[in-house]
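Which chain is which? They are A, B, C, D, E, F, G and H, in the order written, and residues in each are numbered from 1.
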Amino acid sequence: MTERVKLMQGNEACVEGALDAGVLFYAGYPITPSSEIAEEFAAKLPKVGGKFIQMEDEIASMGAVVGASLAGKKAVTATSGPGFSLKQEIIGFANMIEAPCVIMNVQRAGPSTGLPTSPAQGDVMQARWGTHGDHPALVLCPNSVTDAYLLSFQAVNWAERFRTPVILLLDETIGHLRERVILPRKDEMVITNRKQPHGAPGSFQPYDITDEDLIPPLPPYGGGYRFHTTGLYHDETGFPSNRPEVTSRLLNRLHEKIDKYKETLFLYETYGLRQANQLIISYGASARSAKAAWRIAREKGLLVGLLILKTIWPFPEEIVAQAGHDKNNIVVAEMNRGQLIGEVERVMDKRIPIRGAQRADGVLITPEQILAKLEGVN
Amino acid sequence: MEMEKYFRVDKLPHIWCPGCGHGSVMMSIVKGIDKMGWDPEKVTVVSGIGCSSRAPGYMNFNTLHTVHGRPIAFATGIKLANPELHVIVITGDGDGAAIGGNHLIHACRRNIGINVVLFNNQIYGMTSGQYSPMTPEGSMATTSPYGNIEPPFDLCELTRSAGANFVARGTVYHLPKLDSYIEKAFGKEGFSYVEAISQCPTYYGRRNKMKTPLEMLEWQKKNSIDIKKARDLDSEQLKGKIITGIFAERDDEEYTARYDQLIKSVQGGKE
Amino acid sequence: MPKKGKVEIKESWCKGCEICATFCPKKILGLRNDGKMEVKDPENCIACNQCVLRCPDYAIKVEVIENND
Amino acid sequence: MARYEIRLSGAGGQGLILAGIILSEAVVRFTDKEVVQTQSYGPEARGGASKAEVIISDEEIDYPQVNKPDFLLALTQEAYNKYNRDLKEYGIMVVDERVDIAMRGGPTYVVPIQKLTQEKLGTRMVVNVVSLALFNKLHEVVETEKLREVVLERVPRGTEDLNKKALELGEELAENLNQYKIKSKEEEEEE
Amino acid sequence: MTERVKLMQGNEACVEGALDAGVLFYAGYPITPSSEIAEEFAAKLPKVGGKFIQMEDEIASMGAVVGASLAGKKAVTATSGPGFSLKQEIIGFANMIEAPCVIMNVQRAGPSTGLPTSPAQGDVMQARWGTHGDHPALVLCPNSVTDAYLLSFQAVNWAERFRTPVILLLDETIGHLRERVILPRKDEMVITNRKQPHGAPGSFQPYDITDEDLIPPLPPYGGGYRFHTTGLYHDETGFPSNRPEVTSRLLNRLHEKIDKYKETLFLYETYGLRQANQLIISYGASARSAKAAWRIAREKGLLVGLLILKTIWPFPEEIVAQAGHDKNNIVVAEMNRGQLIGEVERVMDKRIPIRGAQRADGVLITPEQILAKLEGVN
Amino acid sequence: MEMEKYFRVDKLPHIWCPGCGHGSVMMSIVKGIDKMGWDPEKVTVVSGIGCSSRAPGYMNFNTLHTVHGRPIAFATGIKLANPELHVIVITGDGDGAAIGGNHLIHACRRNIGINVVLFNNQIYGMTSGQYSPMTPEGSMATTSPYGNIEPPFDLCELTRSAGANFVARGTVYHLPKLDSYIEKAFGKEGFSYVEAISQCPTYYGRRNKMKTPLEMLEWQKKNSIDIKKARDLDSEQLKGKIITGIFAERDDEEYTARYDQLIKSVQGGKE
Amino acid sequence: MARYEIRLSGAGGQGLILAGIILSEAVVRFTDKEVVQTQSYGPEARGGASKAEVIISDEEIDYPQVNKPDFLLALTQEAYNKYNRDLKEYGIMVVDERVDIAMRGGPTYVVPIQKLTQEKLGTRMVVNVVSLALFNKLHEVVETEKLREVVLERVPRGTEDLNKKALELGEELAENLNQYKIKSKEEEEEE
Amino acid sequence: MPKKGKVEIKESWCKGCEICATFCPKKILGLRNDGKMEVKDPENCIACNQCVLRCPDYAIKVEVIENND
């Protein structure tokens, strides 16, 4: 077991988690601060018989990943802000055709080229809404290197389970951080593989929902089931249709197949919620500072609770409402000008003051900044 | 040839306009597959968005209708993930040469085993007739109401320069030759590019004094010139001509084969 | 000995583009009032298959008829 | 050891980032302590000053950034200028002898690290390992052999002997460190 | 004056509005249902000495538009969902470098290729959050062909005034609708041009804010002021800086230069708000159905008010709060699965029920659907 | 030549590494501008993202540092909006050949009056050493830890095929020749492409057994072969060689000039 | 005229969209009424059935879509099948004689429009203008000359005479429309 | 008559890459301890300007000195 205690970098942990989950394909285009992910995959995939390809740009990378996924491989890409913007169109396509894949975005300060080597959490809303049209999103935010490993593993599993793109939203701080990690033994990790069809190939309908889980099986190309796939609205056979009953059925299912499992998708940590009249909510690298602020506040005798979100989309409305409804001050700590705080505002009653501890200048938010938003800190 | 083996007959007739050349090119591809004797299960046809890119929906293989301009990127992922598959890309002059030009040349460079067939109708059909990077100079289109002032690509020259193993151009008029180019292309390991001059009577023809599909076929006939003959002509004489024939025929090593060797050597030569 | 053919037009697929008629060396095909092709002169078909090759809608089949003489 | 913050700085290319990683790895492998390591990135890190930072602690390390180092190494003037500011008042500072420093209160050592490395080992390439060994000996983070084990795994093949010597030199410097100590502001004032 | 009463298509009206505002450059890539905008520009720009170019894709179009803007021309591009996703990276760049330009997005049903010829309002959140990093957004939604003309004109003016990309967010219904328009006389239209520097070229700093309006002047290339521009965080001189005080100053100003003028930016219509206990909120084509629903409800004697938003970003928080605070039912009508309703929920008190009248199947939302969400309708 | 006239001297020294070739190429461009006698006010230099793309920041003109891969698109807008401007694009083998390849070939096709200088250091410098589409086969890079298996582009062949009016390749080692290519390029109406082989000792050199900038220059010297000589060699013999010289020299009509004619004719010939 | 909804349908390429636009433009230019016009788009509109819709009203037209047409023209079977469903119970229906229709209550006219157009004008190309004139005459939306003005501005040069004749034919058909009327369900039942 | 030159090195711009030294035909340039170039043998400069041409950091200037003999 000690073999799984290591010094590891966040980006490297993402790769390890993905490999342990069975990823055999990576396509990407280098960009700071995510490039180590590509570099690690380039070194490690051939060793396990997997394939790494550096494509001509991020769009092509996203396309190749979806292609590889349909060919039956678990597939990943990684990028950062500018590349994440470019991938959006095909992320929407992956959503629509239900192609399992994982997109890692190691956030740096934007907009535009911004500050390529500085931490930020400015792509939080983009991760939810970046592609055109209505669509669901499943987005995970690690706050430690161990988390990076675990959530990367989880992201791959969920992508396969729900036939959907999953976004692993890191930030430069976690991506570049090296720290001591303690990983579960490999034989303790449960790998999920996409569902396969059972019936005769002749009667196979690629989007026919026979199971209650609302998720159609996905056979690999060359595996004996021939089928058609399109980014147009399509019916159960996979062929285009613009009949309103078909289009609404598809769009509803795309959302419901995730909504249905919401409860199991919400990953989070809580600290001292019960004996608290104030609440800090945070995620990603900011959660590290939030934890420090919480510790200091507690040491000062303040009744503060801490909610660290790891699943940020779908937004865990009930969990936040539950944690916050009896508080008289909520501080949302994030490295942007206020993004997830909007969701907190949406779900909380107006009478509870909600304050943002925000920072978007390329520097990791400090515990002091968060403390300053609490009440009773001198 | 048995239609049902290769076509989703229940989806026919296709949505293409009367006299559209795309149906002829699609059949040419299917004949090529038939001649190769490929197991339809192992064939994957990938397209972008456009009238031409609707073809895979009618073809009874693993078919993927992707987003505009990127089918080659998807195809690259498919081929690399499973090199056993025969991966064919169907694209248009908009899909493949405008928005998708970069993926095309990079796939040529890598020489990855994908067979691209570009349906060149010299116009954006699906979006109702804007000019494309392959629209002849002077042509009328909805976005060139005063005549197109942009010189078109010679995409056969370009793909050859970029490193494709096989490059050819045929026309719907000279259909048997087109069949033979596609067959040769499919027979190559490595990347192949076949450009099929197709006719869009609805949007190109009507605006450019060719009201019927027949006039367009006539135009193909009159303007085509074999590459061997073209070599003796200068660029002025070749202006507006369709140069047909085989532009490149090489046997450079295919990309996924290289990758497999790399894996072997990394894994220490074990088979 | 010249072959003979029996031309069959799948009406639901034919779009009346008239390409087949033009390429038919025997000129036996023609447009009907409803915009579909018909075989105006079935006897003269020589089963050359030009129409099959040329139809972009796969709407024509030609069967070679035994030539019994 | 409660939270202890270390900053190793110098010119890009001097290998201090590797030194920071080696130190952190040694902590993970041979102690029960927590450790995090960060570093400067980007084109800025290429030519000019560069730093590696390590935090070692018996407890969970939440906020992962070094804000007030307990220990600062500065091998170049530029690094010193850029990174000395936040050093704790009584934090330890070790600088190369060619660095001009301002007077301060805490323990300060001006060591001819680069010169001695060049003289004794014939190259400056291993100044990072010399510095690492100096730090480790001073703080006794891990045993000498353990550090050597990690170093030898991480350095390029063919440089093992050189690096062993570098480790020795670093330890030697640590042992004699007092001879490089300069008087603090207070001590000076006391005179 | 009768010369300005016309039958006009929504897409055409966008072009007319832009031309009347002084636009001399268009770069785009065709896509349904926006292509008529390109086609009209292609026909009309050369007549006024302007330039139309069809680029190789939407990314290039967006780049060309920003380039032309820096060269001193008022510049526009138009697209629809998939192209809008592709333009996001450079929209962020335009934000960062403060390049005036207008992006028209004629929405169709997404995600992905979706339903290319069907109406939708699925890109509402994307218009706000589509590019990576924190950034402001100015987004206008016409609900008639006359509106399309007026808001297109306004969008160009505001782009120039605030040195920012402005998004004109249409939908297929309005884009393709032909209707009777009554346009103001040309001499009644006030054109805004970007601010020009006055000092000596030698001392010119392209991002130096001497005026209270927080908006730096923008001379054209070749106009005697040489300057540098980058998508990296930059100081007043235009050169990169990663000093936190510089980066936060820039990001704050980018937001404040718009926030400061919020009040003047909020365009909207209200109907019967005072004598109402229920409220319908809508925008774009949905507002047409909302208007019908409101009319019918009034005819039935229900006390319903109607708020039609034309400026949707920045979100007119106070206006919505003001209109809604005394109502006991708020219905937000939009053609998506609920996008702008989130903002309404955010600003309203929890005790007021907020209902979505939503439709995302490619069909224009009907007045009946909206009526059904009102209370007391049979 | 007066430094201050063309450089923002206060921004120097530049951020490039010791021995990086980019400084030499930047100077070559400035010398070209000087030789043309262009008014610096009328010069606009546009770049993407990369080490090379940092150059405009040091150059005292209208300078625009855009996003990765798209400088040619921005430049197209600038040139078309104001054809009086001299528009120079500085790009890298990542910026210009990987993500930006499509814009490059389309600008060649349009033959728009932009002068592209591509700093080809055969690696992604800015992001710390991943392989690029111009990295030689077998080279080590952070993303090709077992040696690069992708064949590189010959971008001079490609831009020539795509229609550029002028195409040439020089090296930092053969600096005076590079100067002359750039000067010729600047003298052309229409699109020009000059590729300058530059050295990245930090990320290419160190990993590929060329520890010093000098070894890299030596490599340039040894591997360069003049295009005239290259014509007599086959592709096997040319593998890994740098073919230098002028690849294309044409005088096809420039795009914005065509556009101006179109405007005149639409406006009814009034001047 | 309160809100009046018109749907003109037929095969793609028959020019009914142009007819809808011409009608709308005539309304804008020569009446004080409001008008909106919409049409079918997309590849579906290319081969198969296609429609143009116009709403004319004295009042503001809020909801811009035709849901229950007051008037339906269907020139082909496919168009009829696709678009007849929502016609108002007592709405007017005009179909080409070759269209098979179901019996209904409202006024229904089966007119050999295509045949007569072909016979009298030698081409079917102007069946759209024939239909347009028929509609206009029937409803007297604008005066004959006004409609002619707009038509002549919008049709391709060289086809003016043909279109004038088409207008005349359409009006003639409108005047004799009753001869094409078929019995309604009720009338039949009454028998 | 051979020219003579006076070499001036702008230290703050020099990065010590040694390219100039290599291209100097007279080999009069050399690296100082602090990583900057210096002119080791100023007398022998022939003002060939190779170092100026080659320095990627524009750190060298050469002035042609009047040759008075």
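The rule we apply is simple: contacts are C-beta pairs under 8 Å (C-beta built on N, C-alpha and C of every residue); 3 or more make two chains touch, one makes a residue touch a chain.
Remember, predicted model here, so these are calculated numbers, not experimental data.
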item: If a chain touches subunit B and subunit F alike, it appears here; value: A, E
item: Chain pair with the higher count of C-beta pairs in contact (A-F, E-F); value: E-F
item: Chain centre separation (subunit C, subunit G; CA means) in Å; value: 38
item: Rounded Å distance between subunit C and subunit D, as computed from the means of their C-alpha atoms; value: 89
item: Touching two or more other chains - residue numbers and ranges from subunit B; value: 17-18, 49, 65, 67, 98-99, 101-102, 106, 126, 133, 146, 259, 262, 266
item: Junction residues of subunit C - those touching two or more other chains; value: 15
item: Contacts with 2+ other chains: residues of subunit E; value: 32, 46, 56-57, 59, 82, 89, 93, 112-113, 116, 230-232, 242
item: Subunit E residues touching subunit F - in the complex, by the definition given at the top; value: 24-25, 27, 46-47, 49, 51, 53, 55-57, 59-73, 75, 89-90, 93, 220-222, 224, 226-232, 239-240
item: Subunit C residues touching subunit B - in the complex, by the definition given at the top; value: 12-13, 15-19, 22, 53-59
item: Subunit E contact footprint on subunit F (complex, rising order); value: 8, 11, 40-42, 44, 46, 56-57, 60-67, 70, 73-82, 84-85, 102-103, 106, 259, 262-263, 266-267
item: Of subunit E, residues touching subunit G in the complex; value: 5-7, 32-33, 116-117, 172-173, 176-180, 285, 288-289, 291-292, 295, 364, 366-367
item: Of all residues in subunit A, those that touch subunit F in their complex; value: 29-32, 35, 38-39, 42-43, 46, 52, 54, 56-58, 82, 112-113
